[in-house]
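Got a structure for you, questions after.
By written order: A, B and C. Residues from 1 in each chain.
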């Protein structure tokens, strides 16, 4: 952003009056303000929809708190304590006010502050999503590039089949089978959960990412253990993002390879490898980053089914469980995190476009 | 002119100089079909889907047993002569359930694939065409729905409306439309200021007519590609809902629910979960192959060099 | 720059220093348990009422009377109270406290702590408070009714209840003795330490709460100064593992010592594996079928009788519920005082069909809601099939537990299939809900009573008998009274007990003296040992 701005200003540096400058700044501020306003509106809308869903859902959160055996008096006391006796709009305004002061309320299904719950579950999801995306990128991008370079050849066909199978597998089934084979029969990977019990609580929490924390603590054994637990679910998620990323890379590359400048480069006698990697690939990096960001974002939502099957204490599982228990504070908290991630990633890829793509100026 | 009579129909379709608009249009479709047919994988997908439809239509004739009849003494039998794909935990014939389940799968996919793109098309084209605050409002709403985690939104709707196949379809449609709206809006923006639209406007066409008569037809081909590619995702999401017990209700043989049934037996009686898993896999693979082939034919950007 | 170097140095050092460590089994003094523990909301014994919460509190706290983990059938035994005496008029019980017992904090356990704990539970009035308040204690009078003097504690009740009834209730978690001095340091406003105790322990039990991570794990460490001797297992780790198949794989791999949620097929499979044994314990939960009397079809006496013939009791118990449930047709679980083992009903579709036709109910349709738990849905599907044969159509809607419960409490579930777990180890816990419903009107809103939820107007005589049984001082007579009530119940009630829960626990070979708590209490870890 800043690079573009100085360039713009530099271009006009010859003679703009201070007034012009101020106007330009004002315009820019206004645009940034507009972006933030629309972001805020999106988040508010997101929360409102969630809030309404929570209220029309035929699940009684009070019952979850006081339990089946509660007397009417106990029930009523909890009902009032949770603020449910207030009109809906009052509840909503109160909630927004609380959120703005950093108070996300208390979850009724864990009895903890929502903010603490999220601090615990979100890193688990981030760790899984990051490794999954990493696998997807490291394999998917070269696969897509090679497939595009050999269009119609056997690599292309294999890449297509690999990707389409990735799109077509029910992940919960694949997860169960993977667990059975690689953990149950072969014993190559760790079982469900984030670490062996022997290591639980051994590594002090710094980032919440177990692999990072164990490195910080210098505990190589804990690192290996965490890795052995994450590798299977991350590979599964990685396979799905691989499928998506390789297909997108392929079609971006095809578009570039048919462009005129490539023909020119070829005519000039550049090696095929140079043409593909140095020219075509460099040009697809911007849309590719968007694709990767989107794929990362969808994994950050927490892959509910994968988390359930691998007993992975992540955000997806947390929100799903909360939803089915009518635990709206937890659901709303989770929605804020997921919504922020989505909006943030979108904003980031927009910015990258503006900064990196010469055409968008 | 007189040559025309002796031409084969093939040549007529493939001629470089079509005589009528109809001939040109049919010719383009035929050309597309030839491209599509050359794609073996796509043809494979098409054949599987045709088989699936046939299976769904003639399910009662094809299924060896009733999909509901239980036999507790004959439960969890491995695939064999009597039950080709084995029996489940209540002694029901898995093959018969899979065959009847194809109807549910087709119903879900068909309905969602009809509802979601239409909502998306409507919202997207109106937003793109109208511009201004209408665009702003509609796109904010689209963003809100996009920012929701899909499965969780579907879960919330099903939980709010009550579990059942109809509500599951509705929930899936509600989560599936925003990308179509984005797509349709982008297409609309590129053609909104085209000359032929201006021409039509000069001829006195109202906004509704422009939208339906000129803009929608141009958006449809890219939407179709997108739908074909999304079908598999819809099947998998529906199966996911069924897996969580929020889709089709027992004893309906919905494939996802069947996997969920078999989940507890997966280590010792693998076929109970594996057979419906395989069925879902084959059908969504078929849809993906078909969609991939269709994209080569219909998507002007992706395929042609 | 400096920072970067540091990180690299650490990376290098750790890579070189630590050799790969493979743990084929858990350490000898650590017990690792896999269980679904996502139901814990609070660990305050005055509030906790979930199975997994009770599993924790049962080990971190002691009560005046407790069970012996090596022999639960002996019933309640002296624990923090050394002895007790019932007054002449039966209205009060005086306990003498054991000397020399200390809390985890090091504070001595006094009669004052015990009295304060019970008063606190009554005043906080959380869900399980009824276990104590049914003896006439209220927030206003409890300081007069529960008193201490020196090392004695006296409870004064409103009626001369059966002493076994009172003492059984005092084995419940809500009667746990908490460390008054410690809790008083953590009081926030009027909460009497509730917020703090939700995440912390202030008990004197054999284990100290080391940590609780919701939906993940509970860790306990041994209390070395425990008054009955320090436990052999120095650490107990309970890990939340949802899937039975995952628990099984971990048990087979030796990553865990105990698997508590194995499905029948997994039980069958692991019992064949080397180094693993299965321990079956009957639990208190009863799976029953409630026929809502507001439903026009289900309130027909002939249909009520027919429905009892439409459950394939043995077929179900031998197939998909095998090893998890046993056939049990009366409302007191076996193992309770006054339990009845008679099984008057059998599976007989023809007879049911005849009954239904005679009543002119053939062809009717019933739509019911079932919780989306495997067991319940399977039982519902089996019932659906046999009802179809007998001429009735049953539609099933699957829902989450919370949704079904909401509808059930609003009397809107026509055929309820689900479980009831006793709240305390006395027969009154079930009798008072199955066979007691003084006011069947909607306005009564007695949502706690199963009879009310099914709109079953319990006959006056049966209700009276239920009350009378709580006052009977003689144990044997009391047992006979409960058996008579259950026989009458079997003959006419529209609430039909079907099965009793059996809990199979998968254990590594060396694990001895595992105690899940049977019908009467929760898990007890302190007797567990691990040999070779």
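Here is the rule we go by: a contact is a pair of C-beta atoms (placed from the backbone, for glycine too) under 8 Å apart; a residue touches a chain by one contact, two chains touch by 3 or more.
What you see is a predicted model, and the numbers here were worked out from it, not measured in a lab.
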Overall pattern in which the protein chains touch one another (line/ring/star/complete/other): complete
Chain occupying the middle, per Cα centroid: A
Chain pair with more C-beta contacts, A-B versus B-C: A-B
Separation of chain A from chain C, taking each centre as the mean of its C-alpha atoms, in whole Å: 40
Whole-Å separation of chain centres (CA-atom averages), chain B against chain C: 48
Interchain centroid distance [CA atoms averaged], chain A/chain B, Å: 26
Residue numbers of chain C (touch at least two other chains): 243, 245, 249, 400, 403
Residues of chain B touching at least two other chains: 159, 162, 263, 266-267
Where chain A touches two or more other chains at once, by residue number: 58-59, 176, 180, 184, 324
Parts of chain C lying in touch with chain B, wherever the complex brings them together: 243-245, 248-249, 263, 265-266, 268-269, 312, 315-316, 318-320, 372, 374, 377-378, 380-382, 384-385, 396-400, 403
Chain A residues within the chain B interface of the complex: 38, 41-42, 45-46, 49-50, 53, 56-59, 157, 160-161, 164-165, 167-173, 176-177, 180, 184, 251, 254-255, 258, 301-302, 304-305, 316, 319-320, 323-324, 331, 335, 338-339, 342-343
Parts of chain B lying in touch with chain C, wherever the complex brings them together: 68-70, 72-73, 75-76, 89-90, 159, 162-164, 245-246, 249-251, 263-269
Chain A to chain C touching residues, read off their complex: 58-60, 63-74, 77, 108-112, 117, 120, 176, 179-180, 183-184, 187, 191-193, 196-198, 200-201, 215-216, 218-221, 223-224, 308-309, 311, 313, 317-318, 321, 324-326
Interfacial residue positions of chain B with respect to chain A in the complex: 41, 136, 140-141, 143-144, 146-152, 155-157, 159-160, 162, 232-233, 236, 239-240, 243, 256, 259, 263, 266-267, 273-274, 277, 280-281, 284-285, 287-289, 292, 301-302, 305
